[in-house]
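Look at the two complexes coming up: subunit A is in both, with subunit B in one and subunit C in the other.
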Partner chain A sequence: MTEINKENKEDIHLISVKGEIDAGSSILLDNAFREALKNNKKKIAADLSELEYISSAGLGVFISYLEEFSANNIQLVLFGIKESVKQVFDILGLEKLLLIVKTEKDAMNAFDD
Partner chain B sequence: MTKKLIIRCSKDELIRVRQFTADALDERNIPDLQTHKLVLAVDEVCANLIIHANNCELINKIEFDIKFKPTQIAFTFKDKGIGFDINEYKSPSMDDLISARRQGGLGLILVKRIMDKIEFYNEKSYNICRLIKTYPL
Partner chain C sequence: MSDKLKIRLSFFAALLLWILFAGSNIYLMFVKNYEMKVDFSDLFPQLAFSLFVFFTFIYYRYAITKADSLNFTDLLWKVFIIGLVTALLSLGIQGFFMLFANSNIVKSPITFNLFYDVLVALVIIYTISTLVAWKRLILYQKSKALLRLWRLFEIAFGFALAFDFFGNQPNDNYFIAATLVLALLSLSLVFNLKWVAYLNFRQKWKGILFILLSGAYLYYFLRSLIWFSDPDMLVMDMLDRVFIWGLFGFLFTYAIISILVILFNLPTSSVFEQKLKEALDFQRLSQSVPRAETTDQIYETLIDSAMSAVFANAAWLEIHDNDGTRQVIRNLSEEQVDLIKARIENKFIKDILNLKLRRDATTNKLRDSIKHPKFKSIMALPILVQDEQIGYIVLLNEMSEAFNREMVSILTTFVSQASVSLENLTLIKESLENEHYKEELKIAKTVQKSLLPASLINNKHLIMEAFSIAADEVGGDYYDILEYEKNKFGLIIGDVSGKGTSAAFQMAQMKGIFHVLAREGVSPDVFMKKANLALSKCLDKNSFITATYFNIDAARSKLSFSRAGHCPGLIHCTKDNKVNYLKSDGMGLGILRNSSYDKYVDKTEILYGDGDAILLYTDGITEAKNENGELFGDARLKVSFEKHCDKNPKLIKEGIKDDLSEFIGRLERDDDYTLVIVRFKHNTDD
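Up next, the complex of A and B:
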């Protein structure tokens, strides 16, 4: 079961991902990012504290938006990733490409003004 | 000891494959972090077989089994789809994936980094893909 919630918190668009993202459900994450782009917020935070599993299909969604976010001066910060999920990001070296912090507070502080 | 599962070629079956694999590894007291990685590699190969080798044809089946041996764990997939040897797949670079804004291409990189050996061969009109993880995990 996958659940993705989206909300605007002042100047930040917050995407919360719950459950498992695999080849079948990665489309939901893609839709959330596409919506975030239309939202015109320059700061996107992804709360992954309730993400139990992510396969390459989900990781690919993050990677596929990097250029578009960069071209539109959009900052993306991920936070709350469980250790089991974080190791998957690390296997691919994604911690060098994505801004990953521990808590929501860290995420709010990580954005450039 | 061998554990077996047969699935239809539907992405909806992936959750069943993950659960089956996690349960089998849990019975063997494999640590959670290792289990998570092995389940991921199995999921990646299975998704590849369902989507690319079998074009999500529900009538097609994939037989999957896990064999626990004294020195290794072997995860074997058997299907009749389009054969594809992962060992011959040249993984794209991360830079290429980013600039092409591609969502695919990461799965088999993960499989190669998680598993110790990947075997692919044909046997009696079946494609056999076997992922091997050697102890210590």
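Up next, the complex of A and C:
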């Protein structure tokens, strides 16, 4: 049900998430981030347009990488996120820490070079 | 009728019929010699003889039990013993004739015929018992067709007995034709020698000896019959009978063929023993699981049986798994193993040793030669568990080209059987771990329950009602309240992300933080900053806690709160009968683990009216799903609260619970959820 695709667009590691992220599937998301780190990508874009639901375990994955990303100067941009899902990010206060934009184009422009 | 009774009856029948046969023979001799005219058919002794043969056959059919793979030599031993006894007795008869060669007693037709009939009895006893023994051997691992052929063979012997009633002489055509039929049938049977394969080397030599002796007895008996054959003296000469020639022919032929086949099989008997050992080793491997052996025992069994199966001089086995690297070595030192590893040139074998198994594993690539002062041949096989290579086994031989294709396939089955055993062990281990995890959850649930307050506050200022339930996956919902100063209360609701015992322990930490900070009467924003600092040190990396903390000043009807990422509560104001969110900015605890967190903390203050009520909850309620996958959501919760907010807190709680369970239907909850309702009252008289 949950599907996470990884794609390398030039210097950007693009992760697209489909379906629901709960305790079980959060491992997939974790793996996707870990791979980006391993490949030494400095720009990560996450396409959340098809993310239907995220549980606290899924949010925990985003949180767990915040520090590591900022320490390694890795930029993470989320885009296409649905209103219902965004609300979950907002309630937790994550919208203040994560760069969340509307479209993929916005995301590409959001990266600092 | 029991077999025992059958044996006895047939014995007595045979004995009686022999007496009748011998008696009628003597009688007929008298009739012939003294030309007495008596109405007594010479068919009578023929009939008695045939029935005697028949009952002897019946007797041995039951007396010599079915052969199985263990007692072939016992069976041959029996034949040997019967032969010995009967041969000694007939020797006695011959001795008697030699001793009294010139006396009248041996020239008397009566004596001659009587002794001849005794000899006939001995010959029949021996030949029939041997026939039954041969039958057991021939029919070992029989097919339906073979059984049918044997029946036909027995019937043919019955016909031969009947044929002999006509008194044909060995030189006439009918006699020759009948003998030929029996010979053909015999020939079609004598090549059934499956039992020979099941003899080991020793047993084969014993078999040859016994069969040789049984052949010698047959020869001796035939000689005796020929010696006695005198048409002038004998009433009934056995050598005039197709039956006797057929029987001797068959017994002789089978004895000869057996000896030849055993002889030819002697050099290969070690191969059969080897195969049997392989089968046993294989069985041992597959049985090692039900006996709940350890993986180490499986490795030991695998390496030993593999070595003996392919005649390896040395071997080693290496496993890389979660418990680290393990080596089982036979006839080698660790240094030698490293040396051999370095000398392997075959790329395919190298890959196996580096645990980089490739899919195109063909048996040819698994074996090769090696440049080593001692070992010349090498063979390597990967050990797979759940499609993942966890190790390999290497076998070495001092001779070149020592391993062949067949050995590789034998070894492959051994290794895959060991893999199955290992896989099963892993599964057993996993289910035990699962059991352990369940147990852990149980403990976590108990801990979680004990962390929630035993009693709530119900006084003239506020009435409180709460409900909390934990799903299978313990999350760690938390709420608590305490009066830190007269008419001043600290109230918290929180939700720990994470699972199992770790969530329960983090909840316990939250409780500790609450009881320390709330007692000090710190303001909600300070509470969150200090709580975040304390939790930063002890929360798991990807865990966080959401909470809302309230200070309730009942004397001033003032409610101040800070929200740390927790879903915002609802307040019902009686003045305008409206339900609103308790809005405030904030961030979950443990998300930012340094002082930068502080700037995201907010504090909101409101004044409440008499009878106003707040509803606090965890996201288990708003994220509860129905059968269509729809969430209960903020909107439905708000509507539900609006519907019930006029009632007392207990009924509000029940009302919302009912609305929720109506929405989710019969689906099981998959998350914890908590409800806290507080109604405020104005009371200024103290």
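Worth pointing out:
The criterion applied here is as follows: the second predicted complex is superposed on the first by the 113 of 113 C-alpha atoms of A that agree within 3 Å, B and C clash if a C-alpha of one lies under 4 Å from a C-alpha of the other, contacts with A are read in each partner's own complex, and residues count from 1 in each chain.
Throughout what follows, a residue touches a chain if its C-beta (ideal position, glycine included) is under 8 Å from a C-beta of that chain, and two chains touch if they have at least 3 such contacts.
This is a predicted model, so every value here is computed, not measured.
The superposed arrangement places subunit B and subunit C in clashing positions on subunit A. Judged by the touch definition given at the top, the superposed model places A:67 against both subunit B and subunit C. In the superposition on chain A, contact is made by A:83 with subunit B only, not with subunit C. When the two complexes are overlaid on their common chain A, residue A:75 makes contact with neither subunit B nor subunit C.
Within the superposed three-chain arrangement, the count of touched residues of subunit A is higher for B, of the candidates subunit B and subunit C. When the two structures are aligned on the shared chain, A:91 is found in touch with subunit B and with subunit C. Once the two complexes are overlaid on the shared chain, A:24 sits against subunit B while remaining clear of subunit C. Contacts of subunit A with subunit B, set against its contacts with subunit C after fitting on chain A, overlap at residues 23, 30, 53, 55-57, 59-61, 63-64, 66-67, 84, 91-93, 97. Taken in their complex, subunit A has these residues touching subunit C: 23, 30, 53, 55-57, 59-61, 63-64, 66-67, 84, 91-94, 96-97. Within the complex formed with subunit B, the residues of subunit A that make contact are 20, 22-24, 26, 30, 53, 55-57, 59-61, 63-68, 83-85, 87-88, 91-93, 97. Across the complex, subunit A is touched by residues 473, 475, 495, 497-499, 541-544, 546, 564-568, 585-588, 590-593, 600, 619, 623, 631 of subunit C.
Per the touch definition, subunit B reaches subunit A in the complex via residues 11-12, 14-15, 18, 32-33, 36-37, 39-40, 43-44, 47, 50-51, 94, 97-99, 101-107, 109-110, 113-114.
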